[in-house]
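Two complexes follow with subunit A in common, the first pairing it with subunit B and the second with subunit C.
And then the complex of A and B:
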């Protein structure tokens, strides 16, 4: 593999984008549906979990000493068992990537370009992603530095311009339904962006200084989670928990409600740039991780020849992944958490145990 | 490795151009859009929807030399669902309707009395609708004729009504512009019921639909905003008059500015301009019955005096304060009498207040809140401060 390196700060930005991407669209609705006006507390709980989870991933990262997830799995479990192990991991990344692609496609076809076939939105989006994955992780990381200020500016703009419509009463009664729904619903946030961060173990070895990288990962998680918190609480404050749960894309709905001095309105599409950007980065990280992972799986020297065929597969997979939106909603609600738990938590846990055993054996 | 080393870059480049340079897939240019500004919905006796749209005539709006053509046109059709009716409209209108610029929805009394929820679904689900339009009820005329009235001063009738609602709300406080998400959330919330502005047609329908209507200095047919329609759930239950509408706005803290007039002690009247008010509602439980405390604070000026009163004395101002406080309390009580006793509709959102302040009690009564609501005890505490009295120190008819 090529000797590309990224800085700790760039890595932090990638983590932030990774957490916000696609969750910004799909998290507030189920959260508000179940935890009602206390949904924002679930996000805070989930961030706390996220920090612990990242410490765990950091541990794996330092144990595997410069190897990616796939490389260290093969190193620990041997050629055959290790590769079997990797098939699970890589298929998880690949399926996740196509779901993320479908998220943005669904959003575009529902809200903006309803008559354009899904395939074309997907192909256009993927072409840019393939271009990015082709030129490598360094350029991806550098472009994240360019786009981060834009995202922050747009978020600040959204928050300030929606301020007049905020109604603090929407958050009352605090803890009206007790603590249990808050705890159980933090699993929504845990399942959707946090456990998926296991994909970042494919990027982690590229970061220059390991110590700084660990801190960057935790900071990125807190910052990204903070943005999710901001979006959720804005939806609750502006729309109330009932309408947040009723809307498929409540974030877009609050952007539609921006009305500055009676004439500056209809800005939702500018705000939508936030999720276009974040989903782009999430997708490109997943795509890059998958292709590099597959290249390492087959011990290829270069991951680039894989990019186009993988993309063709992904366009098809993203279309057939689920037949309709209702299916996706139940999928996210019921299937995704167990799936991401097995692949995002149990798989790396097994790897960590393997790494610890292997280290002890080599010491003796 | 750089991008220019990409294999097949020339064919790929041409291929991308093919994709990107064809233009937008569903591009719709301005000259293909029928820009809908007002939407009228009613029901026929066969319970089909009648949909009426008011579309801008762009050539009339954006021209230096207006002709005698009207600035807007209306088209009307029926359908079993609203969406069906929208698409059937293409048989009458030359362009497909574009709904993002919608300003106003006018519901007919038939729809309002039968329940508005089925109508609102499309307006909230379809991606072309923004949420910034107002929902109103046509009070005394069929929806089709409401939409066909040509209004003086504002070329586009929808804008005239929207601006009227906004300026009445801001300066007179006798109505309330309600957007669709507010309507939907108050219908869905068991502790709240919606209100909507009513539109009244003054004059003859026939003269109003003709462009001649605006060729008179005093147009014979006009549209007026007054009275608030009170809903119970999603069904129209009745109307609040001007005073009661103001009472509702006082209680919910929605009064920006208004005028309060009261008779003087000996003879004549005195008007006060209220500049700022705020209101707080608190819910408490007394002997297992919900009690609501409404606290209204206001600040204002003496605006017009037509009686013998010595305005230089603090006592006089204090008296005026008392009168204004009484007037506010009375109008809130009038609203309460109607909403609570007559219509049984929780337009104040008392249920929501109890939910916020007494969540445990609310859990018990949530299911049968409407029966509890009628017996809610309400304490009103108004507190008004008159600060200034304008340019004159005394009434001009006072001999000093």
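And then the complex of A and C:
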């Protein structure tokens, strides 16, 4: 294990990137499909859930006292049961990482570089991710500080330049379908970025000051959720709920509609850049967490030798994970929530109980 | 390796007794010296006697100031010494204490010290049957003198530049910083060349661990010769396999003095005007010393402009390739039509076109540097007319491509530090390849990889990308935005934590 530390601010940025990454691509469509024009309220509801969930994760983080998820699971449940427990957790991270990789690959090959085979887009992306995971969490966190101002600037620019296209009537009628679909649909946002945050328990111990880290995690969740909210409501305001639900990449579509003074158009590139940046950070966090987790699973000193083989597997897994986009949409809508609930909520809950019991036992 | 202090005037006889001690009979010593130096013709040995005691003065012709030797050694010893019988010991003491009207006189007793001093321009005085010898500092050779800087020109601010002589260079710094805490420590590096290298820092500002690290790294250098500070740079830089420079150099005393005031350490090498400065951060290469002489607003504007140029120089050809090859739909229609019309008839794909022009430019540039000045204008004619205009007329490249290459080239010249343009020149081709194979996707991934790499770099323990990453809000006052001088209240906190306060904000009038 390398002896690197990151600051609370860097951790907050990582959380923001983690929440925005890939969910900015896939969340608005199913949200608008079911909650219609009230989809934005689902996002707010989900953020509220997210804050409570992060408090729960924070609790685990401080109970583990400097151990990662894998280390504390082995510590609590012993060598064999603990490792069995970790297999679930690590496979969740690895599969999630493959899906995230596929997200960006799908988007790139359908929208931006249609002639390039999916495999090569994945391989190139993974090469950069492996390079980043090789040099360690410190550099990853630092580069998040470099990119964050750019992302904020791009978002502000996007919001301002799309202003003329906004039609407030698209949000009416407010609560037209009642409260139930809003509540039930917040599960989409809960499932996709929020529950996945359990992966960050592998990074949490690297943060220098625990108290500040907890605050940073909550702030990051609110800020990241805020960006999701902004994107969702922009989609609704510009495209309306029906068009948003029909488009595979509604955020990309609204950016295509920008036209400033008849000359500045084609600004969808901004969206593509934001996506690549955020997905990159989400993927590298997952990748780093998986490789460090596996290294700790086998009590290896260094996670670096694992990086290349893991990447080879991931290229294959990401391609066989699902055959096409239609399959993926069903997967996200129906399968993902129970899957991420099991691994994102129930697993950590068991770990927390174990940690509490262990603490009580050691006290007595 | 000899750690002898080059300017230490009150040094006791050298304690290094590995080298043979001087042989007492004078003729034996002289013949030993002559054999060692292989009867080199520039060695001058002047034998004389002071009341029957035989003496010899030795110096290397060309390295000494002949007037000094004439007036203050030969005349003093041969004409003004009392002519009476004294013991050798007495004679030696008299000469050492009373008869050499020269500022710096050192005594020593072994051959290693003798050769070192002789070959660095001192005059050696040997006395028959005496085990110790004296060296008088008579250095004086032709040097260029302090001239105007040629590689870093400024509009406002001091024009003087360092020279090839170490002593002149330390004097230039002393004249800028008249503080007793200015430390100048010397080392001789290089088994054969014995090049003098001086480490300069402000003791109450520079962090001790950085100074020690500089000493440690210089200590570890084991090489036959140091001819330029570039030798040292390659030995002490942090990132051996990175295109980005982690050592800053400048030939302007004011830039180096500014660095010292920020807590950096300068390394002056004898024989070169380029003085190294560490730790070097990424942003330092975009800052010119002139930024502090012009008013704050224009300095901020210029720094922003340099960052824009950094991006143009790095990404412009790659973006052109990506947009014209893969993402035509993102170019506004009128522009696309105009580009397509220009490219009509150009036989190459955009990548080959860009590669051709960029390589041509690099060739022109290198030729421009190497050509003697009178022929230099030929290059500009060939470059501008023959290649630029004719290539377009011949239908080999499109006019838009020429504009892109020209803009890229001009942009890569705006940086105050020459060495930051080098990674740009090289990485540009990498980005062009990425753009040609993966379009924008490749460029963005390349950018991410580059930033990750930059964030992993360090220079003498300081993060290369600070104060951006790790972010230091207090240090932002002098990075891209330059606050007025009364607002630059503290030294960069990533470089030093000692003696932070620079100015009292209330010292501003009104």
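Definition applied: the second predicted complex is superposed on the first by the 364 of 364 C-alpha atoms of A that agree within 3 Å, B and C clash if a C-alpha of one lies under 4 Å from a C-alpha of the other, contacts with A are read in each partner's own complex, and residues count from 1 in each chain.
Note that a residue touches a chain if its C-beta (ideal position, glycine included) is under 8 Å from a C-beta of that chain, and two chains touch if they have at least 3 such contacts.
For clarity, every value in this text was computed on a predicted model and none was experimentally measured.
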Touching partner for A:280 - first (subunit B), second (subunit C), both, neither: second
Subunit B versus subunit C as contact partner of A:253, first or second or both or neither: first
First, second, both or neither for A:363, with subunit B first and subunit C second: neither
First, second, both or neither for A:240, with subunit B first and subunit C second: first
Contacts of A:265 with subunit B and subunit C, given as first, second, both or neither: both
Touching partner for A:301 - first (subunit B), second (subunit C), both, neither: neither
Partner chain(s) touched by A:173 [first = subunit B, second = subunit C, both, neither]: first
First, second, both or neither for A:136, with subunit B first and subunit C second: both
Residues of subunit A contacting subunit B in one complex and subunit C in the other: 112-113, 116, 120, 124, 131, 135-136, 265-266
Residues of subunit C that touch subunit A when the two form their complex: 326-327, 329-332, 438-442, 444-445, 448-449, 451-456, 463, 465, 468-471
Residues of subunit A defined as touching subunit C within the complex: 7, 9-10, 108, 112-113, 116, 120-121, 124-125, 128, 131-132, 135-136, 138-140, 142-147, 263-266, 268-269, 272-273, 276-277, 280
List of subunit B residues in touch with subunit A within their complex: 1-3, 6, 16, 19-20, 24-26, 100, 124, 127, 130-132, 181, 184-185, 188-189, 352, 355-357, 359
Parts of subunit A lying in touch with subunit B, wherever the complex brings them together: 2, 110-117, 120, 123-124, 127, 131, 134-136, 169, 172-173, 176, 239-240, 242-243, 246, 253, 256-257, 259, 265-266, 304
